[in-house]
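Order as written gives the chain letters A, B, C, D, E, F, G and H; numbering starts at 1 within each chain.
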């Protein structure tokens, strides 16, 4: 794939036939086929190739089909996945399932927020030990955890705002705005609930890191 | 005064004559006269009674006139005043100057944010020692510090969002929304840049606390 | 607890098992366990320890479990609870139920708005007699009552905007904005429908007031 | 005029020549010529017909030219004009100057807000005595006064939100939204700072009332 | 009633018992009892006094109960009711039903918009003949009809924006904003879908007009 | 040019050197060079080729340079240009100056709004006689004129919202939203104040119309 | 019809009787009757004249009835219809069905986005060959395709934003704003999901183009 | 530094003394001192250590001071910097100057937009040859270029929205929303005009990539 990230079928708003067909095509051409926003009812109605290895992440509503021969491209990649609260888990799960399907090792930390600084510091210590290439940080409500995390880690942190909350700003806007206004520079964000986008960003970072470890394939002679 | 908080003259949008007159009237009736949003140029044009004690807080643009006999009503009151960054100081200063004019002791902490957890924890330790009746926490940009502070203190924390920032949400909306969505319950807020409102809220808390230390003035027989 | 306010389980978006487990753990460690946004159907599915004292506030959707030995920490605390209209009651009830579970005496006033100034003045008179440490004022639509109340009382008033209304600003934004723009200084607010936050703020004020009545536990030597 | 309200020249964004010309034309055809948003500098540059009676309301920035023979059409009309604070006066003044130029008697009340219920009740008493055909109520910030006034008067109340305030909702949105969400039914509004619109609405009400006092000019035989 | 407009029970969000009780009380004290937002299912569950005259407007979801002796207070009042399209009718109907219950004659015009100028002009001619004290003009989508109508009539026009439309601004915001920005001065508005508010405003205008026709009850000696 | 519309240099935010250079390059390659948002002060500082024909539209702030040999490409094109009020003229002028520079005949109508239906109908009659290929309709405030015009003409109408107005929606949002919600289908819009965009859209329509009048250049054999 | 575009019955929010009646009337007077937003359930309940030719577009929810004698007015018209993704198809289909009912040839391109520049360039080549009078370009999410398309085609491009997406801006606002901010001048837009509006705009362009091919009906002597 | 990115002094809103002092301190402790938003007038007033190497980027308003001994930490790092138009350059320049100060090689591409697909494809080819670790893509108005770029590159792309534009969404909101809604997954964004944030994000990616090329410093034994 041009961007190093496999196409993901957005199942919402498609018929079972359309999703089944798209998955089969991807499975044949790529060896892996992923669909997001797959509700259990839809899952029942899908036509799934008999020879595929099937994994369904119910919380994250992600379906992964693999050719038994499929070789995940990003082995050696490491990504941290941090959730501010348990309500943020489904969004993080969507992201993590895709990362793991591609061979990336994921280290998860849950219930880590600025309201509990000692737990946050402990999680930071474990994350540092894990030496991730990137960290995805999911938070709703005030969205402050990714801001704090980004200040304490020297690896790229991808903020994933979630629609957890209610009242003014409670559909993820407060979290998103807070991350955009981060007082610790370098925090980047994807849109509210976009776990697939966060995964794709992390994959790009992993890819460029792993690439660096191999000898450069073609001589470079850029003239600026 | 009915609410225990003196009237404050909002100088912005008034002529020097109107402000001078209002201040003189308050000085005579209350023994203290406070004006907010007083720019240095306006200050020059004011008619200030010769016998008044004058204090001008340039950063906070607050002018305080006092009768030499004035007895500040809230001696014994203690309020913490915390700023996330130096850019937040003018807004906090407006608040602190008013509190001190009323006899309240103010303990100030500056440059305290979630990006520096050890500095934040140290500030929290000093604040606890100070035993404030309330804490005013000023922050712009992501507005996360008051959320963290409120989680670590058992006294009332009043969030004061500031218009420090730029881009989407940079006029204080991100900070305000973050505080409204606080994951630590009990954080209350006033509007963006409303240092006078934060002071008034803190004064009400101080007043009700000090009141409790004196014997109740009138017998109580509430029938619910 | 660090903040003097017990953890409250937000039941919405959790499974019965998750809620039951969280409640049991809190009951064992704290002697009290509170869950908010508990719908009657969820209530039926919960596993509630046999030895717990159970209270369920249907209007406010709050569930309180107590160890029979539990000693409420804030006896002697007094909080006023005022609703602009009957539609605002569920939000106020969430707040009041939590306050009472912690031992605080709550005085309630209903159907109090600026449209009926004599009723408002009568309620103010009763509230003054009650001598509350704080008042929670719930209002939707135009949200004006808390503004008026704050002008007439010398105790802290916490505005609780409610999503009562329709049309532009009818999900609580008009009420929230009006309170933020309060022409009477010192009104503080929590987010729309955040009865738990209002309770937590009131508890902090009660705590710091009651504390003042006891001899100071440790000598104080803050150096500013 | 078709609507019973004279055309008003909006001077802002027009050259002195354009404004002068438009005023002269109106003066000749209508006997009265009104311009709004006339700054003092603009006034200096205008070409004003020598034979005109000139009135300039500096606060409201309204210029009125009259033919000495002009007969104001709405004598006997009575309109109340109420301002929540002194900062709201310029907006109210724009409205009142136009009303008076048309022969309407205006009764003004200033500094009337929900924060001072006794002053509000006193103003209401005086307004009732005045027996106005309509009342214009100008308020910024929380915009609550027109809501309260509308609840206490049986005549039409026109809310005039003003851009007095700062922070979220401080350009008149909070005031406008509050009036739109008025818990007392029947409050109508014009846009923020639209004193001319408020005057025009009041004139229409006055006109239809005065009309009723005269014998109907043409027989009526509407068949619905 | 203080404002000349009867209290209207907002049925939405109330139990059948609460609505029944409120209606009975109003019926006894006022001779008339009105409830808005009454769905047919709710209607079935209400306890309606046997001796009441009952009227139910299904489109407008308004229920009116009258004592057989009730004497409508505003006989002689005339109000025009204009709808831009048929989708706007329910909102207009809510308004008209209340007006008629109070004795006001209502002249209705439907499907009148700026897209059909000849139909609009014809409606204007009929409205002029009717000689209304006020006109209520309901429009969704672009909301332009009330703007045009207000320019062609010399009586008060009350804009009633409706949530008819979709896409950006389609919940009534475009209609409301357009009316607030009306290029014909004097158009006043109530909130989106607020037919009760429009009725209350029209009643106030009718009342002050009819009043003018009777001899003044008490001598007037206002001193400005 | 690929799109049939010449590149226009947006002068705002560029140095005189940058603008001069860009204009010279366009003049050489295209025979015509246009810059928008050229303030008089900037004009003074520009280096303008001696051999160019120069036209400067002060109201619209557009500068046009032409090679004396330049042959305007759209002779025979006809576009109507309608302004709701005089304040909308600068925005319309920007559009019209560009159209005329390209050889298009422009018929202008001013001060045409729904508030004056007879003037609007007269303008429509004149426009129909002119037989334009397209009409650009500029309006601020309520933005209703383009909606009405689109309903009365069978040629494409391009709505050009202008930032004429004040208060809520007064920066062109009300006008833009109204046009997007147009009850007469087929009205298309460009962004607020985008006279260049309106010109470009009109040019594309003119081009495709004129094209139709010439024999088709290449045989067509599209297979769908 | 005055505008050259037939009236379309918006079925949503109407009863089956109202829709049936409106369709029958249009069929009799115009020879064609179109209804939009017709859900399959509604379709079952409609009374459809026996002699009508019936076409139902399920994806676009459009119903077209034709008199067997009906002569489509725009034969020879050609419109391109481009969808960024399959999720945008229903909105485009609504538009295309109406165009084809009126005799216009429609060339459709699907799954054309800036993420696949080679597919986009190929589609552009096919569109150029088709020589459309106008192109309708439907896109949700980022809405970038119409911007790119408009830059590559010299015919009018009508942007049709769709509510495909989620998170901030995901109801079509991001797509709409992007098109309004188009860096390629001349892109015009209709509101989110307004396929009927896009069809009407395309029809007006087709009509004025076809008109140009016929000899002018009446001599022209416009005096500007 | 904890995050691998040096502290940057935000000069806006600070006095020359405060900026000078902060820069000197950073210079002493880090060997490098950077200030952003430094206007030329401010620059004149700064006290700059004589022994420092000084670089001032006027377009980007960035000031860099270096100890002559300073060793840039990220030599070998490569970042692409792409601007949609010349108006976007200042924002990109702020970012590039900081990157280069830290030793990173920056390859810049200007005037690259979806409106010119061949220029975009050529830029993509040059960028691929450069083999960057990350790409920063600055765009205002419609903000589409970063979306397209992200689809064509397999390295991380950081969208930097700029406030280039006018009308609805013209302060960078349209660009930001478009990037958040990117149909190519993995595009991450920073806030409008936040060139410093984009630089910090790129530095983190460079750092983690370069790190991978060195032998791991400490044995890793994370237990998940």
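Definition applied: a contact is a pair of C-beta atoms (placed from the backbone, for glycine too) under 8 Å apart; a residue touches a chain by one contact, two chains touch by 3 or more.
Note that the structure is a prediction, hence the values are computed from the model and not measured.
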Problem - Partner chains that subunit C and subunit H have in common - result: A, B
Fill in the blank from the handout: Note: among A-B, A-H or C-E, over half of the G-H contact pairs reappear in A-B
Problem - Chain separated most widely from subunit D, comparing mean CA positions - result: A
Practice task
Starting from the Cα centroid of subunit H, hunt down the chain whose centroid lies farthest away.
Solution key: E
Fill in the blank from the handout: Higher number of C-beta pairs in contact (C-E or A-H) found for A-H
Handout entry: Intercentroid distance (Cα basis), subunit G paired with subunit A, Å
Key = 38
Handout entry: Whole-Å separation of chain centres (CA-atom averages), subunit C against subunit F
Key = 59
Problem - subunit A and subunit F, separation of their C-alpha mean positions in angstrom - result: 46
Problem - Sequence positions of subunit C contacting 2 or more other chains - result: 151-152, 167-170, 173, 176, 180-182, 184, 191, 194
Fill in the blank from the handout: So the touching chain pairs work out to A-B, A-C, A-G, A-H, B-C, B-D, B-H, C-D, C-E, D-E, D-F, E-F, E-G, F-G, F-H, G-H
Completion exercise
Per the touch rule above, subunit H residues touching subunit B in the complex are 10, 13-14, 18, 161, 163, 172-173, 176, 191-194
Exercise for the section: Please name which positions on subunit F make contact with subunit D in the complex. Expected result: 86-87, 164, 166-170
Completion exercise
The residues of subunit H that touch subunit G in their complex are 84-85, 113-117, 120-121, 140-144, 147-148, 151-152, 165, 167-170, 173-175, 177-184
Handout entry: Residues on subunit B engaged by subunit C in the complex (per definition of touch)
Key = 1-5, 8, 107-108, 126, 129-131, 133-134, 150-158, 176, 180-182, 184-191, 194, 196-197, 199-201, 203-205, 207-210, 212-213, 216, 220-222, 224
